[in-house]
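Chain lettering (A, B and C) follows the sequence in which the chains are written, and residue indices restart at 1 in each chain.
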Amino acid sequence: MNSVETKDVHLYYGDFHALKGITMAMRKNQVTAFIGPSGCGKSTYLRCFNRMNDLIDGVRIEGEILIDGVDIYKSSIQVDDLRKHVGMVFQKPNPFPKSIFENVAYGLRVNGTKDRQFIEERVERSLKQAALWDEVKDKLKKSAFELSGGQQQRLCIARALAIEPSVLLMDEPTSALDPLSTAKTEELIHELKENYTIVIVTHNMQQAGRVSDYTAFFYLGELVEYAKTKTLFTNPKDQRTQNYITGRFG
Amino acid sequence: MSFGNTPSAHRKKRLTQNIAFFIFRLLSFSVVAILVVILGFILVRGISVISWEFLSEAPREGMTEGGIFPAIVGTLCLVVGSMLFAFPIGILSGIYINEYAKDSWFKRFVKLMTNNLAGIPSIVFGLFGMALFVHQFGFGDSILAGSLTLGLLALPVVIRTTEEALKAIDNSFRIGSLALGATKWQTTRRVVLPMAFPNIITGLILSIGRVSGETAPILFTVAAYFLPKLPSSVFDQVMALPYHLYVISTSGTNIEASRAMAYGTAFVLIVIVLLANLLANWLRRYFGKKVKMN
Amino acid sequence: MKRYFNNFGERVIEGIITLSGTVTSITVLLIVFFLFKEGLGVFSQTPVAEGSVIAVNKQNPVKELTAHQVKEIWDQNITNWKQLGGQDAPIKLFEVDDITDYYTDEQIGAEFEYLPQRLSELVAKEPHILAFFPDEYLPKEFAGRQIKLDNVSPGSFLGGREWYPTIQPAVQLGVLPLILGTLWVSLGAILIALPLGLATSIYLAEIANPKVRNFLKPVIELLAGIPSVVYGFFGLVVVVPLIQDVFGLPVGETALAGSIILGIMALPTIISVSEDAMRTTPRAMKEASLALGANKWQTIYRVIIPYSISGISTAAILGIGRAIGETMAVLMVTGNASVIPHTFLEPVRTIPATIAAELGEAPQGGIHFQALFALGCILFLMTLAINMTVDLVSAKKKANRS
């Protein structure tokens, strides 16, 4: 079953044609990785799924994007509603200047949850899912800035999980982390796919190989090749894909 | 179609945002409205007073008739005098802070003092100008004393403008020039200053606008209540537009009768500020760079 | 040779530039020096109006009087020596003009040549007299006792509730009403300016589209450029009559009028400083909030405002500073009554307005002149404290970010 489906998506930044007709589908409860050289459009494409590109002036999007069967660019769609359904983890850990607890509770609060007990339970569960609970359970009231970079990133994952999205978008989530924290995060991704559909953008091909079930290769705004990760890495059909994974460019 | 959020919670969220944004928009435009009301009121009432006679003659009949020519001349003298003092020193001082000073306690001290000077109320400058220039130096109430006082007041503004303008210039230009064997001063004069010039000049124009409207610093250093004679030396007293407005609107011989004169004077003051702002904005666009005035 | 000259020239230029760099510091130090030199002089003066003598009978046990007591006697609020620690006897107040009640013109002399002698006799004769007369009539051998008032003390200066710097025979130099007046008007101004300024800065930083922004920014800059005397004039001809009508007051010159005008004048500072602060909120922080389903407004009040709170407080403090130091506008619209304010609908008098209104009439070096410089010192210290607070807040902010 497909969780995210796009049909002939074009994106323009002013005159610049950044995405050129991308059609693909991402399967439920699987990890899909986007790879490709810088500027190939993979992050831009990812940011279409929660309409984060709406924030940029001069962006125009054509085509159709369906998430769990709903056309998310339809006028009746409330953007905040969509974003509650599609969580996102960013390149650099970006916790709020609030306590650890309040960081995780944030999404619940802004979506109207007032029940204190419910919030507490959900915060605990999310932190456990993000494998951070044991490290922070005694200092929930402390500022999130006191955590290490890796812990901050897992906090951001917990924060995204707290509102129970169905899709989790990850935009190079480990690019700012040390190897140990990266390993932990990758492990986490592996566990999370049981409950979530994960789409991850990565610079790091080894990472794509380690964590994903499917991989899509982007080049100059086009989807060049999309296949099972194993297939794509061992038997790429397109020359450009082959060049990229063998390190000839990018 | 939605993603299972309860529509009522949703509506509430949206409604709150709409109300909040509406309030912000309303308040923001009331700031504009305030400006429009003030400017409009004074410009509309003042325009009918403006005539060649008003601009070219001295006040008559206890300042209820005639014009404001001596005050215009006085303000002009003060602006020129204060800028002759503040521009060179302020620009050099800005160059010192951004180009020459090494990161030491002394530089921090200079910056701190410049900041503090900027925060000192204008009336305190008036007190100081009176104590130092009028009494200590024996200049008396004079253009010289008033210009120096106003110049000191404008100094932090000029310094900050220069500093900001210099800061905006990429270091690679300096390194490039130094690498060609230019000295520090040559680099500053031939490379850095010309690039910073538009921003500096824009800031200077705005500071002229400000100096021409200052009243408190000139109260006790130069301003004359009524003096139809034009100054002949820097040791003369002069009338000045802002002080004149104050006098005829609060303590003239016949306040009601001099209202028209007051509107006219306020009109001229506002026009000066408007012109300075327009010119600065035009220069900004002309040079295509952003300058910030604070 | 040329090389040498170049080096020499460089040195000279560097010297000139460095010298210019020190001008502001020297100015600040000079300001401090002159303000405090004159201002502190007030504490070595007696509050007797210049050239006045206060005298009592030699037998009178009252040896000292304060300036305040002298004024109370003058106003007939104190009428008995007992109230001053003396005998139970009414105070017989005597001014030099009263001399004709006691002596004939011949006794005084056509040119007042016998006046000093008569004064001496009179004070010696009347046990309960309190005499005030100019010191030119003080005889060489005076049969009464002069009372010297204590010098103005910092306590009575700062805590005194009455500011009558020119009354006879003893001036009252209490600056409390002026300090409170200044704070009162500034408080009102910030109550008006802060909501308006914050809303505008939020609108500019986060809500307005670039077109509206490009229109609003110059407007606000213009607001900052209008001279304070023009604001004062506008206040005088528009705001003051309006307040008088709306509240049905006998006079419209009130603290409220001052606060409204000062509030408008503080707006540009508040708006631009807090807008700058909000703009420093990292994009990632805003995106994180939006990605969690928060809408724009929730992001503003839950993320952007908390993040930029130190900048916003800096803006508020700077706005207060602007209001405290403002002179002309306040002078023109607040009515300048030196009483301790209780509501916003009565006249008040601020420190800057007092200096501006009175310095012109105060003789140089006199007690009034020095008292005004002392007011300048207080004002200077107030604004210095504000600047230091701002420096502290922004230093703390920097430390937090890194």
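Here is the rule we go by: a residue touches a chain if its C-beta (ideal position, glycine included) is under 8 Å from a C-beta of that chain, and two chains touch if they have at least 3 such contacts.
Computed from a predicted model, the values in this text were never measured in an experiment.
Q: Taking the touch definition from the top, what connected groups remain once chain C is excluded?
A: one piece
Q: If I average the C-alpha coordinates per chain and also across every protein chain shown, which chain's average lies closest to the global one?
A: It is chain B that sits nearest the middle.
Q: From the centre of chain B, which chain's CA centre is farthest?
A: Of all chains, A has its centre farthest from that of chain B.
Q: Just give me the whole-number Å value for how far the CA centre of chain A lies from that of chain B.
A: About 51 Å, centre to centre.
Q: For chain B and chain C, let me know how many angstrom lie between their CA-based centres, rounded off.
A: The mean C-alpha positions of chain B and chain C differ by 24 Å.
Q: Roughly how far is chain A from chain C, going centre to centre by Cα mean, in whole Å?
A: Chain centres of chain A and chain C, defined by C-alpha means, are spaced 60 Å apart.
Q: Where does chain B touch two or more other chains at once, residue-wise?
A: 13-14
Q: Send over the residues of chain A in touch with two or more other chains.
A: Where chain A meets two or more other chains at a single residue, that happens at 80-81, 84, 110-111.
Q: What residues in chain C touch two or more of the other chains?
A: Residues 295, 298 of chain C each touch two or more of the other chains.
Q: How about chain B: which of its residues touch chain A in the complex?
A: Per the touch definition, chain B meets chain A at residues 1-6, 9-10, 12-14.
Q: In the complex of these two chains, what residues of chain A are touching chain C?
A: Touching chain C from chain A are residues 50, 52, 55, 57, 79-81, 83-84, 87-88, 90, 92, 94-98, 106-107, 109-111, 156, 159-160, 163.
Q: What residues on chain C touch chain A, complex-wise?
A: Touch residues, chain C against chain A: 210, 282, 284-285, 287-295, 298, 302-303, 306-307.
Q: Help me check something: in the complex, which residues belonging to chain B touch chain C?
A: 13-14, 16-17, 20-21, 23-25, 27-28, 30-32, 34-35, 38-39, 41-42, 88-89, 92-93, 95-97, 99-101, 109-110, 112-117, 119-128, 130-132, 135-136, 152, 155-156, 159, 183-185, 206, 209-210, 212-216, 219-220, 242-243, 245-246, 249-250, 259, 262, 266, 269-270, 273-274, 276-277, 281, 293-294
Q: Touching chain B in the complex: which residues of chain A?
A: Those in contact with chain B are residues 68, 70-71, 74, 76-78, 80-82, 84-85, 110-112.
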